[in-house]
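Common to both upcoming complexes is chain A, partnered first by chain B, then by chain C.
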Partner chain A sequence: MMRLPLFEFRMPRTIDEAVLILDGEGPKAMPLAGGTDLLPNMKRRQQVPKTLMSLRYIEDLNRVRMEASASRLGACVTLADIAADPRFRNGLTALAQAASLVATPHIRNMATLGGNLCLDTRCNYYDQNYEWRKAIDFCLKKDGDTCWVAPGSLKCMAVSSTDTAPALIALGARVRLVSRLEEREVLLGELYNNDGLDYIKRKPNEILAEVLLDSLHGWKSTYWKLRRRGSFDFPVLSVAAAARFTESGVVEDARIVMGSAASRPLVALDAAKTLVGRPLNGESIAEAAVLAARIAKPLDNTDFDMSWRKRVTGEFVTCALRELRGDDVSGERLSYMRTHSH
Partner chain B sequence: MILVTLPIESQKTAHIRLTLNGEATDVSFAPYKTLLEVLREDLGHTGTKHGCELGECGACAVLLEGKAVLSCLLLAVECDGKSVLTVEGLGADGKLHPLQDAFADLGAAQCGYCTPAILVTAKALLDSNPNPSREQIREALSGNLCRCTGYQQIFEAVEAAMIKIAGKTSC
Partner chain C sequence: MRVIGVPRRRVDARAKVTGQTRFADDIFLPRMAYCKLLRSPHPHARIRKMDTSRAAAHNGVYLVLSGKDLPIEYGILPVSQDEQALCVDHVRHVGDPVAAVVAREELTAFEALDLIDVEYELLTTIADPEEALATPAPRIHEYGEEGNIHKRVSLEFGDVEQGFAEADEVFEDTFFYQGNTHLPIEQHASMAIKDPEGKLTIWSSTQTPHYLHRALAKVLQMPPGHIRVIATPNGGGFGGKSDPFNHEIVVAKAALLLDRPVKICLTREEVFYCHRGRHPVLMKFKTGVKKDGTITGMHLQTLIDGGAYGSYGVASTFYTGALQTVTYHVPRYKFQGCRTFTNKPPCGPKRGHGTVQPRFGQEVQLDKIAEKLSIDPADLRLRIAESSNAVTANFFRLSVVNLSECIRRVVKNSDWKEKFRKMPDGRGVGLACSAYLTGAGLPIYWNKMPHSGVHIKFDRGGGVAVFCGATEIGQGSDDVLAGIVAEVLGLETFDIRLYTGDTDLGPVDLGSYSSRVTIMAGNAALQAAERGREMIAEAAAEKLGVPKERLRFADKRVFDSAAPEKCLTFAQAVCNAEARFGTIGTMGSYTPPKSPALYKGGGVGPSPTYSYTAAVVEVAVNPATGWITVPKIWIAHDIGRALNPTLVRGQVEGSVYMGLGEALMEEQEFRRLPKKLSHALVHKFPSMLEYKSPTSLDMPEVITELIEEPDPRGPFGAKEVGQGPLLPIMPAVANAVYDALGVRIDEVPITPEKIMKALAEKKAGRTPRFGPNHFPKVNWPEALRVPPPWEGGDGNAVNDVPRAAKHNPEKEKVLSP
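Let's look at the complex of A and B:
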């Protein structure tokens, strides 16, 4: 039986109180939101915070404010609430889809948006219990010196496995980080490092308090996720795409983001740029798919063969862009869900 | 003087009051425990099952404030003042809940290990949507692994219970 390690427990009622605790306790304290990532990691001794600080009692973190010009989503809004809320449609569809595809209904009832954005990176050599990891003399990400995915690597290759980050980056989201002495807004696309160990720029004394979105009027977005089963599994590849069109269907602006293809979500800048000023036709879509797949570098540390995952990148970009131009791709979506489900 | 150090699980320094299956319940427990551990070990409610401990099977599902959650990933200290429903609270007045009746009648339980969690998850679904489609039932139960039944009998039992409950409420 895997018990949680011992920890001190704090339950602040306000953000001010919370950042004071984080400041006082130092990096050995961790915020606890839904717990669906952190608690399994604690049971496997991958993360062993001395202090757990619950964010559950801070009302400000549960607020959703949506106006025509901008939206502010509290970090502790659950993924189930996002998936079920009809306001997360049209431009925000990719976020609702990503939230609705995380894990299982039970986990979505608990897991939060902020938690999914801060999700620990994952790897076949890391997401194992303590004894398993000890048997391979641990790994670079925790307690060891060698990256077993790429033994010559000085960098940890664990994979960014968040569903909502690629979607929100495609939507141009920012996050508000609050610490005792300062507050800063960071473009979500700039929150992550391509390093499985040091994967996020949130400092230990900061709380990711809010996700901020500008108006997405005129935008369409979608999210595609690859996993073995139609439920439970983390993504082993995902594509989020968003575009704004003129009345005649010419792309004015576009963003394509790939998840689970590196230690951070990858923004396919060239692929998106090639679409601007053109309609989404066979030619422009094929070019974007090639350009996006070129930068995806899946490694052999998740489920499924890595070369196949790279090939699916192009197929997902194609499907996502066809969906944005209005094609019915529900058959393709279903075939990816069905082919690989048990 | 002899100093005795109690094993850590016996150091019940955390205390909460929750509403468990409709009854106000006080419980003391070791503060690192999950709700699952407190239900089974400190409250003797062993209906809720202990599966993977990591959120990968759904066997420990209970309803927290009416919503299906995994009790193995929930700190018991965070349940103070909350309402929790487990399989023990499904039946009333010595009678089985219509879901339990239907599961027994239609062979929806074989080894039975996943059954308590599926029953409470299905209850949450029917409470929020009294007339779900097969697809909605499949989706609601997509976090509960069952290695015996192949799920068909489970879906049929939820549908049978749904009809029975609808019949009762319309009378």
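Let's look at the complex of A and C:
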């Protein structure tokens, strides 16, 4: 079987202690926030940190505070907790759905919100073990010089594969990043780079400590995920949509975010803009679907054919918006995701 | 009957659900060392130089082995001895092992692999059969037909052109069946020791301990009597653990050299390199039919991607053409098959071995024929289904055939007549049928000995121990043995102790493949148990003073059926018999009946009897995206008799599950990097995450019916169930997609992308179809002409050299698994 490389293991009890460790160890240390992705990656030698620092025992990171005006979610809240917690409904439905659709029940019991937000980008040329990667002479993301997805590319094309990030971006979330000397808040939509290698703006000495949400009163949201099977699989396309309606059903504000269609979640600004000031009708939904699909650029490095994934983008935007309008799309949801709506 | 036919908890259930089953990787021994294999990173290369000294000097490393330590070639078939445990000078696929490191820790062994320096000279990569046909050099192997063609066969049973001339319609279709792999949850693992006497013992997750025994004796050059192979319970096999494997030989050698237990457990990626899975097959079917659907002749050509080694490939090649005649009556039949070598992990036997691919083609083509002739596909099949006790055009003798009843049941259960061509757009139903062997009629190596033996020991306390080489791979072979013996002796299965899969303890059973265990080990167990009962009854009759014929064995007693109070407990009866005859032990064995298929190649396909299956699959396809789901499946299986209906239903549902995976998503796919930049040809996703196989959430509701008419050839009338029910699923899905959207997907897997492409063709007014459009030219040999029985044939070819005139008939004969 595959064995983990040797590493040092640290388990700080406070955020202060944790950032001190990160500061001292430098980039050779990695926070462990569930480990459902990091540990397999280490077995495949994609990441070989000298030190693993568990965040599990830091109480502050395990807190959920939800008030009418705002919510704060600790980074180490598990995806299973989010999926099961009735407080994550109504406006926050997209987050609960996204969390409930990650991998398998076992993995969701371990995996955390912060871990999923920081999830390494994925690629069929990269998520392979050491011997396989040696057989292709490695790739740009790790130990090699060529991006085999697009051999002319100077940039790594690995795919953002987090489920919760598109959902939280659609909900307008911010994250709080803490290092030894400073603390900063960043809009989640601005945390990511469209670069498979340097995909996240979290610095190696920072901990993503909390997710912050303003009041979502009046908002409705939903999350659609494309994957081959009803369990296990990372998304190969996802659509998170959120909208606030007037009493007469006119869209006051809307956000549409696509996951797994680039190295970062893609915010479909034009598609969202076209919805505002109109009711969600067949016409506006169709326009938004076309505008959103236009910016999705799936590549041949995940499951499914890339042009087919692009085609599904429009279909998923349509389904998501129809769902927000109140249409019954439970049949489609069950068919694609093998799961019922929340 | 108290045991047979009663749904029971299987005998090994408790151990499995409580986690007490000891798989090969669960064995830990004092002083054990771990083995890792260094594998070729190149698809095709010569080894120029290898230096293992740095690895050997690494702290914690006990031993480094390379090709020169194990140069003797082996392979499962006598005609394909083409593997070396560690490649000596030629690597043939990415993952071919070249060296082994044995170390105190597994991590150390892994790290030391990087310290072995190998210099390769790269050779041209051959990625698929068409490339193999076009690239005679460099040769992947120095044997075979020519160039990179491993095996070519051509057989003709009656004049097929005459058949087409008599037809009202002739259909020509090409199909492609993608390769896929077994995906057992347990990775292959082995542990070898030099036992205290200095002999070799190996525990291994193998389906065929007897064949591993032979391979070890050959490569290690040891007397077989000094080698003990113990097949541990397999965590799934499906054909993937039927070959002797390089890692088994390597740990055996290392244990002998080090005098330490040596273990290996493969990674999932390495299991993909062992492979031996479903061959990718391109097929061309030409079928002539009368207006009423009667088949007048069929010509089938198959082009088979064999991968880098022979494995079971010669047999697989014959199997792609063997069973077409066993389901439906085909009066004239021509078959041509060609297997090529390619630089990919070797293909071999996977559930349904070689017959799955042409079954897909035949059943989809029948759907097309039915539509053209305006006959309901179920009715068409009822008209042409083979009948009991027939001898087919290619001289396979059938026993009980209940295909028609299977068809009638699924038609009724699924409400077929109300659904077919009547469901709304995007919904559809499809029907398909199949047949499968109940055990290969011939062994893999030529011999006249039994295929299975059972030894039963009767204890004075009434205990009964059953010894047999049969191997439990999850299919329930232990339960079959216990059930049969318990039934005959009037005991419960809990009273039976089983010693199976051990070459030292039990008589030979050839292994868990070709659906042979129930009929062969089962019949052997039946014979041994009946012989034991006979002795016990004879002594008891004397003791009780009643005629032997009146004695019954039930409820752990032997009693007079006319006066049940006249009885002995089973334990008393055994003691009584032992006093009369001496120690009681009985033997049973089984040899399949002789086949009338005497022509060369006729060794693949004969079976004591065949199972039959029919299935209806319902699909829902989204016309906007091609997204396909399967809400429900109805299946009926002609089992003869269900020895343990719980297990039989489990096998049927497991087959449906595996069949759906093959139909919808599974692909052993390879990625070639741009040729200008790289030589690489790698498995696209050798992991359980990215090699897609359905989850429990993707399983539909399955309605299973068992058709039970006992077959005189089977123990208590039983036929096989391990493989047959898989076969109709894939074509039934394809036929259902056509019913749903009017597009033909003539290849598997049937994916949303392919459905969208076919819909685009339909929209553009072209043939609404996705699938292959040509079959390349193959330089076929002259066909062996075998007149079918109704043309006066005797099972021999009329244009072959008689077998007796050959120097070495054993070697010439192609034997079947």
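The rule is simple: the second predicted complex is superposed on the first by the 336 of 342 C-alpha atoms of A that agree within 3 Å, B and C clash if a C-alpha of one lies under 4 Å from a C-alpha of the other, contacts with A are read in each partner's own complex, and residues count from 1 in each chain.
Everything that follows uses one rule, which is that a residue touches a chain if its C-beta (ideal position, glycine included) is under 8 Å from a C-beta of that chain, and two chains touch if they have at least 3 such contacts.
These numbers were taken from a predicted model, which means no experiment stands behind them.
In the superposed pair of complexes, A:230 makes contact with chain B and with chain C alike. In the superposition on chain A, A:105 makes contact with chain B only, not with chain C. In the superposed model, A:36 lies in contact with chain B only, and not with chain C.
Touch criterion not met for A:14: it reaches neither chain B nor chain C. Shared-chain residue A:135: touches chain C; no touch with chain B.
Of the two partner chains placed around the shared chain by superposition, neither chain B nor chain C is touched by A:281.
Looking at the shared chain after the overlay, A:2 reaches both chain B and chain C. Residues common to the contacts of chain A with chain B and with chain C across the two structures: 1-3, 5-6, 230-232. Taken in their complex, chain C has these residues touching chain A: 25, 39, 41-42, 94-95, 106-107, 110, 187, 265-267, 269, 620, 622, 624-627, 629, 665, 671, 673-674, 677-678, 680, 682-687, 689-690, 692, 694-698, 751-753, 756. Interface of chain A with chain B (complex): residues 1-7, 9, 11, 32, 34-36, 39-40, 43-44, 52, 54, 56, 80, 103-107, 109-110, 230-232. Residues 1-3, 5-6, 124, 127-129, 131-132, 134-137, 146, 148, 151, 228-234, 303-305, 308, 311-312, 315, 332, 335-336, 338-339 of chain A touch chain C in their complex.
By the touch criterion stated above, chain B contacts chain A in their complex at residues 8, 31-34, 37, 50, 53-56, 58, 61, 67-70, 73-75, 77-78, 121, 139-140, 142-143.
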